[in-house]
């Protein structure tokens, strides 16, 4: 304390202590506080002052920021274009060496697809081999996929659902603003008449696709999406008042929960018996009948329900922040 | 077939089912369910580890009634069991430690959604660890990404929303590359399961066919997973993401999610592409260079940062660089070092995030690290936790970080061409680590100049946080002191991969 | 048949490019919808009706609806902001 | 006409589309365009996969007239994979659009750079 060196302020220890305190940077120039010299030279006199005293004049520091960001952005864009072009080029180069299109001797037409085709009907009972494959041979993937849909709907709920139940004034205001349906002309006659004709057709078609998933093209996913779009059309024509009579968030939750639970239990049973080399004991029925192919039909119905509910839920949440 | 062999399947399905069931529970029940499930799955993974060590070999498990090239399959061995156990422990402690903050950060009626994310995150991590099928891996990578995004944006304050969209964009770029890599691989091999795919790759390599596609597949899959795990030039999303999420989410994202992708990459290298092919293809050298760059640049960024949590996030970039350097060495010893560092980092980084939150609590929740001055006295346990974590990252003897640095150095000595750069980068990065972590520790234990310390609330007894900090410290000491058996387990687990 | 396929593939590329370069968001979403439909026809030609039906329902249907709703929502927010500014 | 890129023209086109989508996702500053780009990228990969399953002159993989011969039908595996993939991509699309709406409510912009800048400013004040 008694004697302080004259050049104490220049010593490393002082700098280190200041830096530990967070008041300056260890690097000499203090990157965040001062502007590099070239940059200063490039600016005019007024800008120079402003850059030296950033705290006093915020707008000018902002312009410096903007310039830095612009340079960075230009550099970033050039680099990204180069990167993207090189990726395209490399992949095209690869395509030139790939097996030829439509050739039966390609490596991917091996014993795997042969067994799916030759014994799929006996082993899964499904006439549509693709459905048999995704719901029986490779069912774990498909279960994961339903979970993707489930978790995506949870994320959308987190983002867009507005809870006014807490009596929070702000939330109620947001809820009112979010429901843009209120501001629209209601009872559009043309839309309603068309919907009267189309909605039943769309729903019946969707149900047909779901139920015939194991016999013809389609299945739970496509049928569910068709059902969901039918519901969305109904909602658009007649408003939330009508749909809320039969489809609220509670219904949505219960439907999704029961469908996914059934899916989970059914598949767990078949995974467990399969891995432990036990018979599953589920009759496969006559191939080609609607009530056949074991678990595939109920699973398709479950998937269809989940997909339809989720698609409708997405739309309703986007529209008014609730169901 | 003994009951234990069913455990990997049970743990995945249990975690998924609890996520589905949580959608109708209220926040509190969902929380209890999720904690129970994490504990049970951790126990199961430990049983799997014990079983595999006892029998000395790995096994595959059919998911369905159809054997290998036709049906889905999962596979468990020593390394899978060990990783799953450790991930389960880290996850449990992170959830416990950040519980109070989760309750504060998440809106009341959305609490159960947070625990759905946690459950599905757990199931997807387990599935990534255990899977033996490439397309299953892709589906669960997507679940992992979406759950990660949910965990980030559930705290709808600050910059978490913009961080979430950045995270999603980078992840989607990574997923796209990974998916096209898988498609190319399916095209040239015709298999999606790892075991037959590896045989097909061996046949192709022996016949000298498809040399270009194989090279591109390796590159594209590595780059895709590297983007998702945040290797250096693709790290821009990391600081925002880890810095603004709720503490549990930061700990899980930095400690586990990126590690899940790295584990998948190692698995693909060993079990599909073949380690010799990967080493011969120079891809490892690219990873090595980017790993070294990440080691240095991550530390430099961390030094320039003032916000403590962003500083820790940048340090993650550096640590990911270490792991990729280990992979890039291309030797068995390097791989062991990388896996061990993966464990070290997930234990230590979670400890750092949780204890940093404990320190913020008593210092008035400001971002700037200067506000932490003297916080080590106000919340002694969190201070000790932070110190232990920092010392471990710097490489203080007895702690886990020391062992992993030792492993890196010894494995570098075995590969003559890469010895010099590795050792130099290791030394520089250690010094840089020491600079910024010790600065924080010094700040923690310096006496505040003004009486601001009194103004901030003196440490409320948040016993959950204290408990989890103690557990993390113990975990760290265990990894450091009993490293010998763990390294042996990793070695034998990697041997089971072939 | 080959010619038809070539035309479809070319129009896919054209659609993708115009999605990328169109200034108006609504136009680019509509073009994206037609891109999905062309893809759907192509999949019918490639003998995968399962994919075609799913793409028609999900890609061209639900995804486009979600895009439209998002755009509508954004316009609504913009209008509200303008109203508020005018009141001030 | 016999160059490999022309023989594999479906693959070539799908790779070009992948590139367009990838570039859009990476470079476009408008969030909605980014999401469109992501969708284009995903469908391009699905096209690539679907092309892989096709075999000249064979039928749809639905058993007809009791013919169960592997040489009668195309490869069903890629179709199954693409079905799974389409649902994954629609979920991520919905999630990202929801994020976009929230970001627009908060920052009043669709431009990602502007959003990031405003977020930074907001934190400073």
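Each chain gets a letter, A, B, C and D, in the order it is written, and its residues are counted from 1.
Here is the rule we go by: a residue touches a chain if its C-beta (ideal position, glycine included) is under 8 Å from a C-beta of that chain, and two chains touch if they have at least 3 such contacts.
Note that the coordinates shown come from a computational prediction; the quantities given were computed from them, not determined experimentally.
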Of all the chains shown, whose C-alpha centre falls nearest the centre of every protein C-alpha atom combined?
A
In terms of C-beta pairs in contact, which of A-C and A-B ranks higher?
A-B
Approximate Å spacing (C-alpha centroids) for the pair chain A, chain C
17
Find the geometric centre of each of chain A and chain B from their Cα atoms only, then give the gap between the two centres in Å, rounded to an integer.
22
Separation of mean Cα positions, chain D and chain A [Å, integer]
12
Report the inter-chain centroid distance for chain B and chain C in whole angstrom, where each centroid is the mean of the CA atoms.
37
Give the residues of chain C that touch two or more other chains, as numbers and ranges in rising order.
48-50, 54, 58, 62, 66, 70, 73
Where chain D touches two or more other chains, by residue
9-10, 16, 18, 21-23, 26, 51-54, 58, 60-61, 77-79, 83-84, 86-88, 91-92, 94-95, 97, 99-102
Which residue numbers or ranges of chain A touch two or more of the other chains?
87, 91, 96-98, 106, 108-109, 112, 116, 128, 130, 138, 141, 145, 148, 151-152, 155, 159, 217, 219, 221, 314, 318
Touch graph of the chains shown: is it line, ring, star, complete or other?
other
Which chain pairs touch, all of them
A-B, A-C, A-D, B-D, C-D
Inside the complex, what are the residues of chain B that reach chain A?
1, 6, 9, 13, 16-17, 19-21, 23-24, 61-66, 69-72, 107-110, 113, 116-117, 120, 123, 127, 133, 135-136, 139-140, 142-143, 146-147, 149-150, 153-154, 177, 180, 184, 186-191, 200, 210-213, 216, 219-220, 303-304, 306, 368-370, 435, 439, 442-443, 446
Chain D partner contacts - residues on chain C that touch it in the complex
5-6, 9, 12-13, 16-17, 19-20, 25, 28-29, 32, 35-36, 39, 42-43, 46-51, 54-55, 58-59, 62-63, 66-67, 70-71, 73-74, 77-78, 81
Which chain C residues qualify as touching chain A in the complex?
48-50, 52-54, 56-58, 61-62, 65-66, 69-70, 72-73, 76, 80
Chain C partner, complex, touching residues on chain D are 9-10, 13, 16-17, 20-21, 23-24, 28, 30, 32-33, 35-37, 39-40, 43, 46-47, 50-51, 53-54, 58-61, 74, 78-79, 82-83, 86-87, 90, 93-94, 97, 100-101, 104-105, 108, 110
Could you pull out which chain D residues touch chain B in their complex?
18, 21-22, 25-26, 31, 34, 38, 41-42, 45, 48-49, 52, 77-78, 81, 84-85, 88, 91-92, 95-96, 99-100, 102-103, 106-107, 112, 115-116, 119-120, 122-123
